[in-house]
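The same chain A turns up in both complexes below, where it pairs with chain B and then with chain C.
Take a look at the complex of A and B:
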């Protein structure tokens, strides 16, 4: 309703599609469960996704819904699925792929596993997907209007995923939409780094400490895993998990800039806001995308979606 | 730091100025205290304000800081000040006006008093300014690149203010940035409609009720005061006070659309997000701007600021 000039809902489920699809392009379809808003529905639009398919609260969208979205945006060039790496989503998107294949629609799936707090790097394909999905969608969406080939776009999207890392830190649990109860227990004055949206375990539980020290720990891991070195360029996304204020996120950004300056790493773009939230959760996430010439071009395409706009 | 390609800080205080000022235009300067972020610093940019001057936490910016910003953006055409109607801000902006006048810089002040919950309409000039300021800035900023005359822009800005109304509803107090304490007391399960950012009294304190009923009460007052009738056009801004989720704001928007549909009022544009927040406050605000042909043209100019972007 808030963006009816740009996107529309098709059918009875939560399938959102852009009103105007540029002809003869590979489609970008994103999706996942509800209750991490504005992920995914906020990222449908120009140079972002062409379609978002949303399930029920914390439940993957059904294969038939995904198929419905796939049909709506396919233009004989095929469709790329981008979703976060959760068991339910993998299952549903895999089944949708098979259904689409049966109808002669080519698809490729990119599972986002950016959460560096959820498993060791050796088990990266077991990691959760979190806020990094937005940066991956931004690259893929930009590329989809410039690259006219499913396999090539699949490679670009996978490489964007492989060069993206994120971490969440939380000092208060979010609440279930259904009953208002806390999702997990975190004693007052404690924080957990590397935690997931629903309190999925992280890698460090400790007493609250100054935000600069928290950011140091997070950036050390993010930049380390991305093997960032002097003169490398990155895009940063700083996200409130729900109840943390923009004012506080600016402090996070200040520290990130100090770290980047010391390490000689260039911050090409900084997004700060509410991109992926859990009801009333206190905390924030940092995502970093390592750029190269190709990814930068795609990332810099002007985009216009409900929750991500850039000139 | 997050937008250094677009805005820069001048001097030692919090004076933010756009990097590129279109020559020979009337300047738009906005400002107020800290801790309602992203108001005001998020609204500096193309077709928005040219400068934001921010004071300390909950304190107006000093007249000398305002003067510094005024000098930076004045181009012999004068400067319009837009700020929310609080005693400290009035005092400081009034003094800045005098200082600017002494230097031969013409200024006009528009105090925003959109909060329909803060005083009866007969005492409108005693009302607080809240989220409606963003809609007023959007109109004034758009107009400032099309209208080349201080008095004319002053009239347009005042009329935008006079056609804007807002209301906040809260179910949990925000917390002071300085000490983490609650700003005011609101028992669990209670809500207050018409309340201010710091718990300033509203017009209705009651048991929690379904959001549709809350929105009905708010819209009745907003549309009533704006004397909206069939075929009138309005712009709507739905704002999280901090910890209320986008998902919940979508429910507010659904009800507003139902009401508008019943009354035959056209919603020209809807903004939903975090535009004006108090630390960790649970609640939301609705602002409505009644449009006419002129205001619609100015409102629809593409804008690009940290917290308000539109193609």
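Take a look at the complex of A and C:
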């Protein structure tokens, strides 16, 4: 990879680790299937994750690979796993935890379930994990160089997860890399809000409408669930699902800022770009992370990874 | 009548089971094609082939070691959910029977009970959702009822119970994993994981009956 001076691959599988592991640090290991790039491999680096373990296309990484990554970054302080909430990933990381425990390595798992469109709030643990994972990794990575206690870092990471919500809106399916076929059917002129990476059902299907109206619906849901009040601070991540242009994302950003200023909510930071994609899908996602004092400190740590950099 | 098996016999029994299930690769794929992505036979063949090579490598010292090796073989060789679930089954069961030097109907029941609990915990599925749990649960129940009988008798009854459990999955709707998306189409078809589970018991029993010089 381009930044090979900072990360290296170990073994034969897709296990990427930072070149210089900080001593006496709780490790952060992230992972999932391939084909949502740059999630997860783009987020390994300083004040981000220490290791990413990647499976095959849309398949969870095997417990053996996860264990390999765990061994590589463990500094006797334990390792935190951060991954998106899919059945295969849950099984593989759960198994990896058992294998690590047998070797005396302490681990904790944080499943990210930020997709507010995938299930009602009462069933939050059934929700999918999407772009919010990047914000959770940002907080956890920043915290991991300031907090050297596994349980404490676990609490911080879980709280970051609990204060993160995302939604995807799509107007055209992406095409599978393997065979060029459409991943799902969405009639021309229609959009779906709350949809998943491969067209997994969302919460609202309707005629195409102006971007401001779409953003209004999305932000209403995100800010509502996060119970954002006047003077609350949030971090925003606006992401192209693959074929939506950065120019279009700026339109989304413009509306988000209008909404925030009307509601008196302060946007502490905004990231705009390609963070999580589904091939050539036309659409975008918005993620919001509600900040508090400590989360803001951790979030603001300078970070340097292939797909997320901040001074 | 076979009362119990030595570690070496357990090892040989599982090699026998593995060989026979590998032979069923195509049938298992076919069963999975009806309600899933059609690769269950491939996963099981990969897993049980690896099992054969690790069991032939070096003789384990305890019964638990045999099962743990099998579990690890599944986890390291089979990608995806099937590998983890079958790996969890054998590893979960092996943890419960410690360093015992023989397999009898008593610790066989303990093994099965712990194996079932481990896959329920890991996979999050419940009985009635068209999974191998529906085949295992009745088998565990019978294994407990038979725990003061010779292993041979216990196994015979366990096979019967597993067969009925497997058959019961025909009438169930898949509610977990990828076959969930097939919805009503899963009605009338057996759950492939249940077929493999039943076959494991069937070939275990065949091996044990083969050791008994007095049975036909």
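Observations, loosely collected:
Here is the rule we use: the second predicted complex is superposed on the first by the 311 of 311 C-alpha atoms of A that agree within 3 Å, B and C clash if a C-alpha of one lies under 4 Å from a C-alpha of the other, contacts with A are read in each partner's own complex, and residues count from 1 in each chain.
By our rule, a residue touches a chain if its C-beta (ideal position, glycine included) is under 8 Å from a C-beta of that chain, and two chains touch if they have at least 3 such contacts.
A quick note: this is a predicted structure, and the numbers were derived from the prediction, not measured.
For chain A, the partner touching the most residues, choosing from chain B and chain C, is B. Once chain A of one complex is fitted onto chain A of the other, the partner contacts of A:59 are limited to chain C, with no touch recorded for chain B.
Of the two partner chains placed by superposition, only chain C is touched by A:95; chain B is not. Once chain A of one complex is fitted onto chain A of the other, the partner contacts of A:243 are limited to chain B, with no touch recorded for chain C. Once chain A of one complex is fitted onto chain A of the other, the partner contacts of A:282 are limited to chain B, with no touch recorded for chain C.
Applying the stated contact rule after C-alpha superposition, one finds that A:87 touches chain C and leaves chain B untouched.
By the touch criterion defined above, A:20 lies against neither chain B nor chain C after alignment on the C-alpha atoms of chain A. Contacts from chain A toward chain C in the complex involve residues 55-56, 59-60, 62-64, 87-88, 90-92, 94-95, 98-99. Only residues 1-3, 34-35, 37-38, 42, 177, 240, 242-243, 245-247, 250, 253-254, 257, 270-274, 277, 279-280, 282, 304, 306-307, 309-311 of chain B touch chain A when the two sit together in their complex. Interface of chain C with chain A (complex): residues 75-76, 79-81, 83-85, 87-88, 91, 122-124, 176-177.
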